[in-house]
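Just below sit the structures, each encoded as structure tokens.
Shared between the two complexes below is chain A, which pairs with chain B and chain C, respectively.
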Partner chain A sequence: MTIPVLTVNNLTVAYRVGQQELAVVREVSLAVHEGEILGIVGESGSGKSTLGLAILQALPSTGRICAGQVFLDGVELTGLSGSARRALWANSLRLVPQNPLAALNPTMRIGEQLIEAIGGDRTTATAQAINVLKRVHIPDPARVMRSYPHELSGGMQQRVMIAMALHGTPRLLVLDEPTTSLDVTTEAAVIDLLAELIAEKQPATIFISHNLGLVARLATRTAVMYAGELVEVAPTMSLFAQPRHPYTQGLLQSLPRPGLRYDHHPLHSINGIIPAPGALPAGCVFAPRCSLADERCRCERPSLIAITEHHLTRCHYWQQVPQSTSLPSVAAPSASSNDNGDVFLTAHQLTKTISRRQSLFDKLRGQPAPVVKALAGVDLTLHRNRILGVVGESGSGKTTLARCLIGLSEPSSGTVELLDMPLAPNIQRRSREQLRRLQMVLQNPQEALNPALTIGEALMRPLIRLGGMDRQAARQRVPELLRLVKLPPDYIDRRPAQLSGGEKQRVAIARALAATPDLLLLDEAVSALDVSVQAAVLNLLAEVKERTGVSYLFITHDLAVVSYLADDVVVMYRGQIVESGPVQAVLAPPLHPYTEALLTAASARGIRLREAEESGSLPENGCPFYPRCPRTPGNICATTPPPWRDAGNGHRIRCHIPLEELQIIQRSVLIEL
Partner chain B sequence: MKLSRFVRAFFADLATATGTTIVILFLGLALFGPLIAPYSPTKQHADAIRLPPSTMYVLGTDRLGRDLLSRIIYGARDILLLAGGGTVLAVLLGTFIGVSVTYLGGWLEELVFRLFDGLLALPALLLALLLLGAVGPSRSGVLLVIVVVYTPIVARVVRSVVLSLKTRGFIEAARMRGERLGYILWRELLPLVMPTLAVEAALRFSYAIFLVASLGFLGVGVQPPSPDWGLMVLEARNEFALAPWSLYAPAAAIALLVIGVNLMAEGVRRAIREDVTR
Partner chain C sequence: MIQYLLRRLILLGGTILISSLIIFLICRLLPGDVARVLLGREAGEAALAALRAELGLDQPLPLQYLNWLIGFVSGDWGIAYSTRQPIRPLVLERLTNSLLLAGATLMLSLPLGIALGVWAGWRAGKLDDTLISVSTLAVTGLPEFVTGLLLIDLFAFRLRWLPANSSIRPDTPFFEILPQLLLPAITATLVLLAYIARLTRAGVISELEQEYTRTALLKGLSPLTMLRRHVLRNALLPTITVVAISLGWLISGLIVVENVYNYPGIGRLLTFAIDRRDLLLLQAVAMVTVVIFAVANLLADLMYALLDPRIRLGSEER
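Up next, the complex of A and B:
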């Protein structure tokens, strides 16, 4: 067996908070060999990023390694002097951070930053920089060298970061959620690139992510972190096939998987929340949330046991961890899920153009103001008691569509009708009854609640304003609302700062549901949540729909969630709907090339799109997707708008390629996968 | 519980506690001046012209034989009332305009804040002289000056906070349930502006003290024979060679009060920041 590149021994890292030190990483030991990719997964707050920074010796000033050592090629890194550490950073240790725009210097051209990172003689460094940009498949390296960071798309910025991290011969590479800020299609391309470069340069790699799917694709071994401890380490295949820790098993069970549907299979969710550092339980850290826990678990802290040579777990009862991945399926409620309810809301030819700022000079010359089409003629029909999923990349107009429906943004043209009555475009002109019928949960749970008001006040207001209750009656209803979203009734007097992100989102959902709306718009309502919390929220939505008959318009970029929760789906690209229909028909198999790209992004052999141009130079007529389409049949896409084609059963797609041809292509793709 | 935390913020550390003590001391002088002062502030002691500090006249006397200590004590009331009252009015008005106009936005916001920018382009003292020239020197004139000079500044600070709040999810949620404007402005927005406002108010107060003293020194503020600190500096300036103590006393009083207010404001700022980050 070779000597590992990186060895971490009993590492404990603490942050100073006020007067005390809180350990956020405790007694972590691991080893990574040359060319090996170790995935580290865990919920937010599990300490995985801190572990990465501690290994790189790049902790913020409030953090400190309290105990343990880090060895790189046998050299101890803890306690290195400043200059030795800098030399190490320059030559051997590399980081690809989560947010490339924050890591790049906004005032320096990309070329300058790369040359500085490569170092040495300027002429050779320049040549090397161009080479390394070519290596990360940047089409026009010379132009990118001259660009400033903000002139590049998110995917391009991350490619530059990867170029910086992988020039020369790095020994250790830490990837800290490298694709979290990217779209699925871009994420797929970046992950492909990382896999290729790591295979070539053979650094020891640590891949930190909350996305279990990505870790499964990239990592050779995977470590699961919980509350600052490693709870399970195993080769990726066996970890996913045979989890030996109840936490790992719980995480895997809480993912929506193909074939599961909200009305038949409630998702597994782990009870409770991750303990705060400083409030750790005495025995096993996972005991309070574990279904296997008994007295022994609550008193005696388990150690990391080797089950086989490569599979370690920190559990007293690992033999009892359930291995079946099947879910309890509940009897189908009434067979309602396929019959169409009445039409509830319709939108006709909604457009929204946003004009960019124009210089006075251009204005005086009579130039038309540059406009961006956020929505370009969207027709939409929503039925009672159905869940409509809206998918697409960022910038596809999903959020704008929802905001125009609810009236927070005014569409430039087009109409919205509620039960055949036109709705005022501006929310202030809508009647109280109309307001009650439509509610929306916004994307960011951190901003959803006013920090100055109690949870009780937040939940009482819609009851008073829209439900016609007085304060007394409203206050009495609040515990019921809290129970609906599985929060304890004593939360009524808490303030938002005392709640976690998932709890805030649940309060936001409860607030939106308080006045019994008929349609709830959910804008990426679960995207910011950890998987186990996401599972709880999805279950909650399914349950509330079953109980009250509310419809949802569910915006997300996560196709697994859509295939779990939605009855119908529309796929949006650049402000237009390109495909719509019942979810099974649209997603299995995908017909439109764009849907196909979204759906196969998670797989190593899916089709990949060309990087989107930021400039937004769309073909004047023709298909908006044409510049990136991998299956375009030719010139017709650039000149003629694609026709709507009916695939039967309410499934419609917008593409020049004939349906029969698309079906043949997709069948062969399915076999390939 | 909330009150005790509030009180503790004013005595959080040595510097803050010192500042708070100084301010309380001066407040005491302003409130109980007539009980403490040994003489009337305007009484001229014919036998005690320009006497240096002694046991009889602790801070000495001026060219008219008036007791400086008594004048400082009585002067505290004037300066605290004018600076404090002006600050309160400016903060109230600035907050009202800042919150409502910023939330409403549109051409009204443009108009109001361009106007304020115009006012802020003039140096505060120049603006004060213009105003007092128009209304004539008086106490209410000084109050008006403070309000006119500081309202735009407070409004702009409030605006910066409201701008970042008005697109947040909780405000949009309020619009989605058809909340009245008043509720959004005063129940949702105002509490979130308060921390910034508290710091700004303390800062404005210390500048207002300066402004009142400056106006007195320029002779356009409080008129003789009132025992105004700025006015006392002006009167003592001409005879610095003969009676330097008559300059030291009012100058030191001004400096001490401003330092006290600043130390206190800094402590409050820190306490609020800790409260927010917690």
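Up next, the complex of A and C:
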């Protein structure tokens, strides 16, 4: 056994909040060897990022290491002098942060920032900077060196941060949610790059993430963190196959997985919420949310015990943790999910162009104003009592589509019809009845609720304004709504600030449901939530649909969620629909190269896209996806718009590659995987 | 960028044109008859009418405005009613004095204010921060005539280091003007200091919280290098803009300071013109002030764009 590069002993970190000091990381011990990647997973508030910063000795000024030690190659870091610590920072300790744009100086050119990080003689450093940019597969290093951070795409910014973290010979690398701000296809490429560079440079690596799938791909060992404590540490394979802590088991169970469907398999969700630092339970921190907990768990804090040489858990009853994480047998697609209800809402050829400001000279010369096509001719049909998923990367036009349907944005052309009656493009000219039928839930519940209104008042408004109730009747209806979204009735007098993120999203859903709409537009409604909370909200949506018959238009970038919740799916790219149809037909196997890239992004051997150029000019007439398509058959894609190809059962694909060929490609891919 | 500049310059011209109309109208609407003021109570109707005709006051208003505007643009600003001197050299001489004073004030207040602000921001929440904030604010709270008189009492009468009267002559060589500039400049500095220090402090504190400062620290830079290379440039952006905007006030708004020290700047010329009901002089001074304010604002915007690469002038999207 070699000596670990990093050893953490009983580390406790606290933040000063007002007069108090609250411990957010408690008694954490771990060791990471050269070239090893230790994953740290946990939901928001678990203290994982704080642990990462504490190990790097880079806590914000309000944070403090209260107890414990951090050793790097046998040297204790906690007591180092300023200059010794700076030398370590410059040479050995590196961080790749979550948000690369914030982590780069906005008014300094990339080259300057990189040269400064490399240090030493300027000419050598410049040459080295160009090399290291090449190393992270940046196509035009000289141009990037001259650029300012905001001029690069998110993926490029993160590559620059990775270049900065992996020049020279780092000993310890902390990756703090390095791909959370990126699109799935970019995320896939960045994770590939990190894996490659870590294999080459062999630093001891800590990979902090809330994304269990990514951790499973990258980490050799994984530690699960909950409320500031490590609750389970094990080799990644055994952790995922045989979790020995009820929290780990709960997390794994709450993920939507292939084969699970909303109408047959409610997801497992963990009751309650993570305790706030300073309000920790006396015994086991997880006891209040644990189904195995008994008197002993509530009084006696379990210690981290080794159940095998490499598997540690902090649970009194680890032997009783259920091991059945195997998938329930894939149920045959039920009759109901293929049974098309009545057509409820249709959109014809919706376009939305956003014009950029034109220069005076161009205007005088009669040049047409430059435009961005947020929607480029979208046709959509929604059926009653069905769930339509809309997937695509950021900038694909998903949100613009929803905003045009509900009338918050006016489309530049095209029509929307509700029950065969045309809908006014502007929400203010729609009838009360039309308003009632369509409702929307936004991504960020923090901003969607008026902080000045109590929950009761927020829920009464749509009842009174759209449901035609008087105050009295509306007030009596509120507890029923709260029950519908599984919130206790006494929440009626609370204000949004007193609720957790998941609870706020439930209120937002309840508010949208208050006036019994026929269609709910959900714009990334579960994306900001932790997995256990996301599972609860997904279950809730399935249940509400079952009970009220409401339809959903569900916008998401997460294909696992779509395959769990949607009946039909449309895949969008740059304002156009490239594939649509019943969800099983579209996703298994994916035929369109873009769908394939989205779906296989999580896999180490999936197909990868060229990175999107921010301002890259699109082919005037051809396929919008052509510049990034890995399977393009040739020049035809650049010159001719791709035809719609019908795969039967309402499954349509927009691609120049013939259907049979796409199917053959997919079959060979399946064998390869 | 050049297009943007052109558009801004056209806009600038428009602003000044509209202002000129407003200035002209207000001056004509002021109560009192110029001819009466100039000739005194005893003057007869015939003399008054003759003077009005001489000054062009009997013409219709639009024509008067047009004549004045064309004259102003072509450099003929007219003859002051009160002193019977050509207006342009007088105003330009005073403007030079005002620019001198503004420059001296900036030379004092910028380094001092920024230094105090950076120190306070770096040591935020500590005793020195509180001391800096409280003392600069307290000084700013005092009106200029109070600080001015206190400074005169201390430096001119008690210590006898500097002259109390700053009424410089046009032909004085520069190094002789310097001591006379000092007291008015210090007084104006005391007004400006707290703004500069507080803006800088706020900028430094907010930039220190940004993630890129952590990145800089993790490169192994010393705190001082980090502050100098990364924090300062971003933290000073708002300060520099505000100072550029306040240039207008510095050049033409130091009326109280100029009066306290008897300093022959544009502000005192303005009070003089109002006192004597010298409409033509008043119009000229007001126009110069408008131009200074408009140019200062443009300068502030350009400066911001120059310092912050994220701002791309003239290519706003969405």
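The criterion applied here is as follows: the second predicted complex is superposed on the first by the 653 of 673 C-alpha atoms of A that agree within 3 Å, B and C clash if a C-alpha of one lies under 4 Å from a C-alpha of the other, contacts with A are read in each partner's own complex, and residues count from 1 in each chain.
By our rule, a residue touches a chain if its C-beta (ideal position, glycine included) is under 8 Å from a C-beta of that chain, and two chains touch if they have at least 3 such contacts.
Keep in mind that this is a model prediction, so the values were computed, not measured.
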Exercise. Judging by the criteria at the top, classify the pair chain B and chain C on chain A as clash or fit.
Key: fit
Quiz item: Is A:125 in contact with chain B, with chain C, with both, or with neither (first, second, both, neither)?
Solution: neither
Quiz item: Which holds for A:435: it touches chain B only (first), chain C only (second), both, or neither?
Solution: first
Quiz item: Roughly how many degrees, to the nearest 10, is the angle at chain A when you join its Cα centre to the Cα centres of chain B and chain C?
Solution: 30
Practice problem: Return first, second, both or neither, reflecting whether A:448 touches chain B, chain C, both chains, or no partner chain. | Solution: first
Quiz prompt | Touching partner for A:95 - first (chain B), second (chain C), both, neither | solution = second
Practice problem: Could you look at A:408 and tell me whether it touches chain B, chain C, both or neither (first, second, both, neither)? | Solution: first
Quiz item: Regarding the shared-chain residue A:103, is it in contact with chain B (first), chain C (second), both, or neither?
Solution: second
Quiz item: When the two complexes are placed on top of each other via chain A, what is the minimal CA separation of chain B and chain C in Å?
Solution: 8
Quiz item: Once the complexes are superposed, what residues of chain A are shared between the chain B interface and the chain C interface?
Solution: none
Quiz item: Taking the complex as given, what residues does chain B use to touch chain A?
Solution: 168-170, 172-179, 187-188, 191-192, 278
Exercise. Within their complex, state which residues of chain C touch chain A.
Key: 3, 6-7, 209-212, 214-222, 229-230, 233-234, 307-310, 314-318
Exercise. Give every residue of chain A touching chain B within the complex, in rising order.
Key: 406, 408, 427-428, 430, 432, 435, 438-440, 442-444, 447-453, 458, 461-462, 465-466, 497, 508, 511-512, 515
Quiz item: Which residues, counting only chain A, touch chain C once they are in their complex?
Solution: 56, 58, 60, 86-91, 93-95, 97, 99, 102-108, 113, 116-117, 119, 148, 150, 161, 164, 354, 356-357, 359-361
